[in-house]
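Next come two complexes built around chain A: one with chain B, the other with chain C.
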Partner chain A sequence: MAHLLRRAGFGATRDQLDEYIGKGYEATVEELLHPEYGDPEEQDFMDRYFIASVEARSAGHADPQWSWRMATTEKPLEEKIALFWHSLLAVGGIKLDHGLEMLTEIDLFRRLGLGRFETLLLAISRNPGMMYWLDNQNSHKDAPNENYGRELLELFSMGIDENGEGAYSEDDVKAAARAFTGWASKTTPPPFFLGPFRMQFAFDPDDHDDGEKTFLGETGNFNGEDIVEIVSRHRSTARFIALRLYLNFVSDTPDDEEIERLADVFQENDGEIRSVLRAIFNSDHFKSPAIRFRKMKSPAELVFGTVTLTDRFTIPEMDMSTLANQTLFMGQHLLNPPSVEGWHEGEEWVDSGALIERINFASGEVTRGDARGVRRMIERVAGTGAELQPEEFVDACLDAMGSIDLSDRTKSIVISHAAAKDTPFRPGSAGSEDRTLEMFQLIVSTPDFQYC
Partner chain B sequence: MKNKNFSYSHTIGIASFLGRGFMNPVDVRFDSTGLMFVLSRSNAGNKNVRISAVTLDSEFQYEFANWGTAPGQTTQPTAMAFDSEDRLYVADESMHNVSVFDREGKFLNRWGEFGVGPGQFNRPSGIAIDSNDDVWVVDHLNDRVQKLSTDGEYISSFGSAGSGPGQFRFAWGMAIDSNDEIWVADWRNDRVQHFTHGGEFISSLGSSGDSDGEFDRPSGVHVSSHGEVYVADWRNERVQVFDSDGGHIETLIGDATLSKWCQEFVDVNPEQAGWREKAGLFEEEKRFWRPSAIETSPDGLVLIADSCRHRIQIYQRTPQPALV
Partner chain C sequence: MATNGQNGNGNKAKKLVVVQLSGGNDYLNTMVPYQDGHYYDFRPNMGLRGDSVIPIDDRIGFNSHMAPFKRIYDAGSMAVIMGIGYPEPNRSHFRSMDIWHTAEPAVSSSEGWLGKTTQAIDPEGKNPVTAVNFGRGLPRALAYPGVSVASVGALDSYGLYTGLAGAGNKDALLDTVSRIYQPMSEEGFPSQRILQTGRGALDGADLLRQAPDSYTSGVEYPEENPIAQSLKGVAQVMSADLGTRLFYTAHGSFDTHTNELVNHAKLWDEVSQAVECFWMDMEEQGLADDTVMWVFTEFGRRVADNGTGTDHGSGGGAFLIGPSVKGGLYGEYPDLDPSAQLDGDVRYNTDFRDMYTTILDDFMDIDPGQILNEKFGKLDLVRA
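Up next is the complex of A and B:
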């Protein structure tokens, strides 16, 4: 169960795990897969305490909003799938520079991210931020701009192989570009004197190439909707989306057989992402020990996973805005992916500088003795027994932190550290709380904690 | 929508990180001379909090209470009020204190600290001064209103957590009327509560919703010298006006024209003026976006802090009701 929550969300506290275990694994999967869309009641807190994020003019103004949602969500897969699509259908704040629109996109991913891929792809194709980001407002009937058509095929749906080859041709790219002419974002007033205004999609029929096109072997007077429909039922798209879901939710190392199975599920279920994820989470492959703690946490997973554990935000305190900075320091600038390719994930997340940031952040968080989640962890350890030998103490801490596993080698080192104290751990004795916090700190500083 | 009892006058403001202009203004007050003071909340990242003194014909005078934790600085200011000697009291939510300035922005004093005891605060959010120059503070995460001296000495308090009479859920703004009675914007209960000067519950105004007399997270309340009650109906993007018995008089949704400062910006930036013309969102430009607080003058001017459009919209009450 803990493994499921680490992948389908940002991890879970021991208390949350107990609640999920009471529901059962498959029931929990279904609950995760069916979040009720809508703002949580606590959205008003964010708007009140971070009023500048309501009219977010930049990614920097917007990110406290998303940080708050990821740190406090009771619908973890809704945020996790938004994070997934944010990297796959990437729009970057560095060019768009419109925080309000960035948040609109994240909400689009929440709303449509578990449904049919075709619906999502069409929605993002009508997203004014995406149209601006990929220059489609410069794509005209008599002078198509190929940027959106190319990225739609290469990065958003069909993909390319290791040789840079896709199951589409340059002529297909050109046809797609023609089909999307006239799709653009409306002009909005500049934000410099009244703040930003919401962006809006605009279709100009007079600037749209309605002529005949041949695309992926089919011929017709195709428009953008047709291109999205044709792409979405193509086997390459099923395989590409299956691959990306696998890399994000299962393992950094692709398993060809499993990806083909998931591509089948994609096609058998009309491209519904929820069905593919169900097939992932309920599979023996996903549950196998070989998959657990083998996937490098992204910075967002590390930061919001740790904050989920410590549960320190009852309202959006001022330092809520620093959480996004933490992911930035670790290499993931939320709402501002480095390019339309999104982020390169897996082991690439970690270099020596990022590792130090990761360890410093996590160890700082879990030693916040006043945080609600940390208090509960301390109490849980204290309630384990009257006297704990080193291994029992380590096991109690690992369990209290949400059922974390350590490799045998790491665990033996941590136990030897615990054993360096002359006395067994006795809850309530002098220094026992500091000793517990120190053990939490040691656990999150291990290499194992970098994986989920 | 044509206003029946209010005529739109003009707007003051432009989005600005410092100097002339505002950044997410959440409160507005007159001093005794009629000079307007605007509290910009900004955000934690940009740190453009400040109080700006501006004349009603848009002449920027000076600013103070800028970002920081040192005496004379603020981090998350949320409300302010003048006493009879034109000393300005500013509540800061993250520092859990109240800073006091003179009308020229000179720092005088600050008091309060985090806690649940008398004279301590957990995110003070609203502030008002009574005719005796006692300072009333909405101590919102302690679910109470505290009465203190001008030096921060605790006098009394009332309120508790909940939804019953005299209870609060994340209360925000407050006002004291000419009878020294207390009004509190009980934000998360979607109502405004009315109390005697002694803190005894009198009545409750409003409930959840978006019809007349209903609220969606009311942030501010103000009572004019004529006894009319103005409520910043924050998430409904409007200001509702009631008579002293709670009868609904009118709803304002915003009528802004370009302020003098915005017009000057547009005039010297023709490219951006062109974007604005091409966008054509002139109706949307007029409307409130998270109106947070209201101030009135004895001669019927109504100032509304339009937080997310970085401006103060100004109306004239027409005709003036009789003084109460």
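Up next is the complex of A and C:
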């Protein structure tokens, strides 16, 4: 159960886990897969505290709102899937310097991210920010700009193999580009000085190439909708989306057999993402020990996983708005992926500077003895027994931190650290709380904690 | 004078110090074309005149807030690269900065030119401090798969558990963490890669934190000037002789859309004072001949001002500084005639990758072919 929540969300506290366990695994999977979309009740609350992020001008103004939701959500998969699409259908503050529109996109991912892929792909193709980001503004009937057509095929749907080859040709790219001519964002005044104006999509029939096109072997007077429809039912797309979901939710190392199975599920269910995720979460493969704790946490997973655990934010205070900076220091600038390819994930997340940032951040959080979540963890450890031997003490801490595992090697070193004290751990004795906090700190400093 | 006993100019394998002017420096108000009527036509509000300019020749002068730069220039140790840029200027901060960082104007890349350089210097990653970044978060310029770069906020507080209230038993914790990040003899879990990264991080932090201990200097860097403090850190690490070849610093924000006259002046006061302190310190440490400094920005500003500032443009200018540099003006000052402009911006005439080639080949003794995907020209910048 803890594994499911680490992958489908940002982990869970021990108390949350007990609640989910009461409901049962498959029922929890269904609950996670069906977040009821709606405006967050606390929107007003957020707006009151994060004044600069109301109608956010830049991505930098916008990220506190998303941080708050990732840190406090009760619908973890809704935020997790938004994060997934944000890194796949990547639009960056790199160029679209428009915070309001960036948040609109994240919300689009929340709303459509678990539904049919075709619906999402069409929505993002009609998204004014995306049109601007990939230069469809400059794609005209007489002079199509191929950027969107190409990235749609290469990065958003069909994909390419390790040799850079896709199941489409350059002619298909050109045909797609022609089909998307006339799709653009309405002219939007720059946000500078006056704040942002909402961006709007506009289709200009006069600037659209209505001629006959041959795309992936089909011929017709295709418009963008047709292209989206054709690619969405192509086997390559099923395989590509299955691969990306696998890499995000299961493992950094692809398993071909499993990905083929998921691609089948994708096609059998009309490209519904929810069905693919259900097939993932309920599989023995997903639950196997070879998968657990072997996937490198992204900076967002590390930061929001840690604050989920420590549960210290009751109001959207200023400190909260720095969480997105933390992910930036670790190499993931939310709302600003480095390119249309999103981020390089897996172990590439961790260079030496990033590792120091990760350990220092997590250490600082789990040693806040006044945070609600940390208090509950301390109490849980204290309630385990009257006197704990080193191994029992380490196990009690790992369990209190949301049932986490350490590899045998790491664990033996951690236990030897606990054993270096003169006396066994006795709850309530002098210094027992500091000892517990020290152990939490050591656990989040391990390489094992960098994985989920 | 060179520390290794060689003639400084003869030693091509210098240390590179990068100063990034983040936000897009307004080149026209940096190197001011104070005799050009077009400049004043386009800059009715932001044009610098009279005492606001320190002339170099009968065409161009430094912004008066760059007096220390003028002194370095007069000493013959500063090459001013005019009209530097790349084809089809991009006016997004991030994209344009990426282009400078990756040396790839056409395609988006995540491989930094200095990350590649770090790998070329230390292919097996033996030294965890071959490249040191001052600031939190790694600039794309230093990113490269498998290359570890230390990113330092402040030297004396760099490392694990620094500044943590809860770290009561820090020494014992560090000792245990150090044992955990001991690479294993064979591949297992945790992976060799993360264990080695951890090892490098811990060793690098130990080295860097101790760097200030052996450093003394008569130069007083201004306390309230962040870029001066970063450059002081560079000098400290350099004097500790840890084998660091690349140092990265940044200052900003040069994104002067409003209130430019005040903000731009303050930024250049800070940068030019900091740079002058650094070079005085390098002389004192005997490291000047082994060091070269590259100052750049992602783009310049529009030729025309917007009333109280300037918007994103092109052609930001750059500087290569050091006693081994043959000082002077290089490239051509951009022509401000409306017919010569590119959509309200200056046109570039020197490709920034010519400068990368020059720095790598002539100042760092690294084959530019290893770093850049194409072959570029060079500027003749080595002092004879």
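Basically, the second predicted complex is superposed on the first by the 452 of 452 C-alpha atoms of A that agree within 3 Å, B and C clash if a C-alpha of one lies under 4 Å from a C-alpha of the other, contacts with A are read in each partner's own complex, and residues count from 1 in each chain.
We take it that contacts are C-beta pairs under 8 Å (C-beta built on N, C-alpha and C of every residue); 3 or more make two chains touch, one makes a residue touch a chain.
Because the structure is a prediction, the values reported are computed rather than measured.
Colleague: Is A:446 touching anything from chain B or chain C once the two structures are fitted on A? First, second, both or neither.
Modeller: second
Colleague: Which of the two partners, first being chain B and second being chain C, lies in contact with A:268: first, second, both, or neither?
Modeller: Once the two structures are laid over each other on A, A:268 reaches no partner at all.
Colleague: On the A-aligned overlay, A:39 touches which partner chain: chain B = first, chain C = second, or both, or neither?
Modeller: neither
Colleague: May I ask you to decide whether A:195 touches chain B, chain C, both, or neither, giving the answer as first, second, both or neither?
Modeller: In the superposed model, A:195 contacts chain B only, not chain C.
Colleague: Contacts for A:363 in the overlay, against chain B (first) and chain C (second): which applies, first, second, both or neither?
Modeller: After superposition on chain A, A:363 lies in contact with chain C alone.
Colleague: Regarding the shared-chain residue A:340, is it in contact with chain B (first), chain C (second), both, or neither?
Modeller: second
Colleague: Go through the superposed model and pick first if A:171 touches only chain B, second if only chain C, both, or neither.
Modeller: Neither partner.
Colleague: Where does A:437 make contact in the superposed view: on chain B (first), on chain C (second), on both, or on neither?
Modeller: A:437 contacts chain C only, not chain B.
Colleague: Have a look and say if chain B or chain C is in touch with more residues of chain A.
Modeller: Counted on chain A, the partner with more touching residues turns out to be C.
Colleague: Could you tell me if A:407 is touching chain B, chain C, both of them or neither one (first, second, both, neither)?
Modeller: second
Colleague: What part of chain A is shared between its chain B contacts and its chain C contacts?
Modeller: Touching chain B and chain C on chain A: residues 192.
Colleague: Under the stated contact criterion, what part of chain A meets chain B in this complex?
Modeller: Per the touch definition, chain A meets chain B at residues 44-45, 47-55, 60-61, 64, 186-195, 197, 315, 317-319, 321.
Colleague: Which residues of chain A touch chain C once you look at their complex with the stated criterion?
Modeller: 92-95, 97, 192, 294, 328-331, 333, 336, 338-341, 344, 347-348, 350-357, 359-360, 363-364, 367-369, 407, 409-410, 413-414, 416-417, 420, 434, 437-438, 441-442, 445-448, 450-451
Colleague: Applying the document's contact rule, which stretches of chain C touch chain A when the two form their complex?
Modeller: Within the complex, chain C contacts chain A at residues 92-95, 98, 108-110, 128, 133, 136-138, 140, 143, 145, 147-151, 159-169, 172-173, 176-177, 179-181, 184, 188-191, 193-195, 197-198, 200-201, 204-205, 257.
Colleague: Contact residues on chain B for chain A in the complex?
Modeller: 14-15, 23-24, 26, 41-46, 75-76, 93-94, 123, 141, 170, 172, 187-188, 217, 219, 235, 261-262, 265-266, 269, 272, 275-276, 278-279, 281, 284-285, 289-290, 292, 307-311
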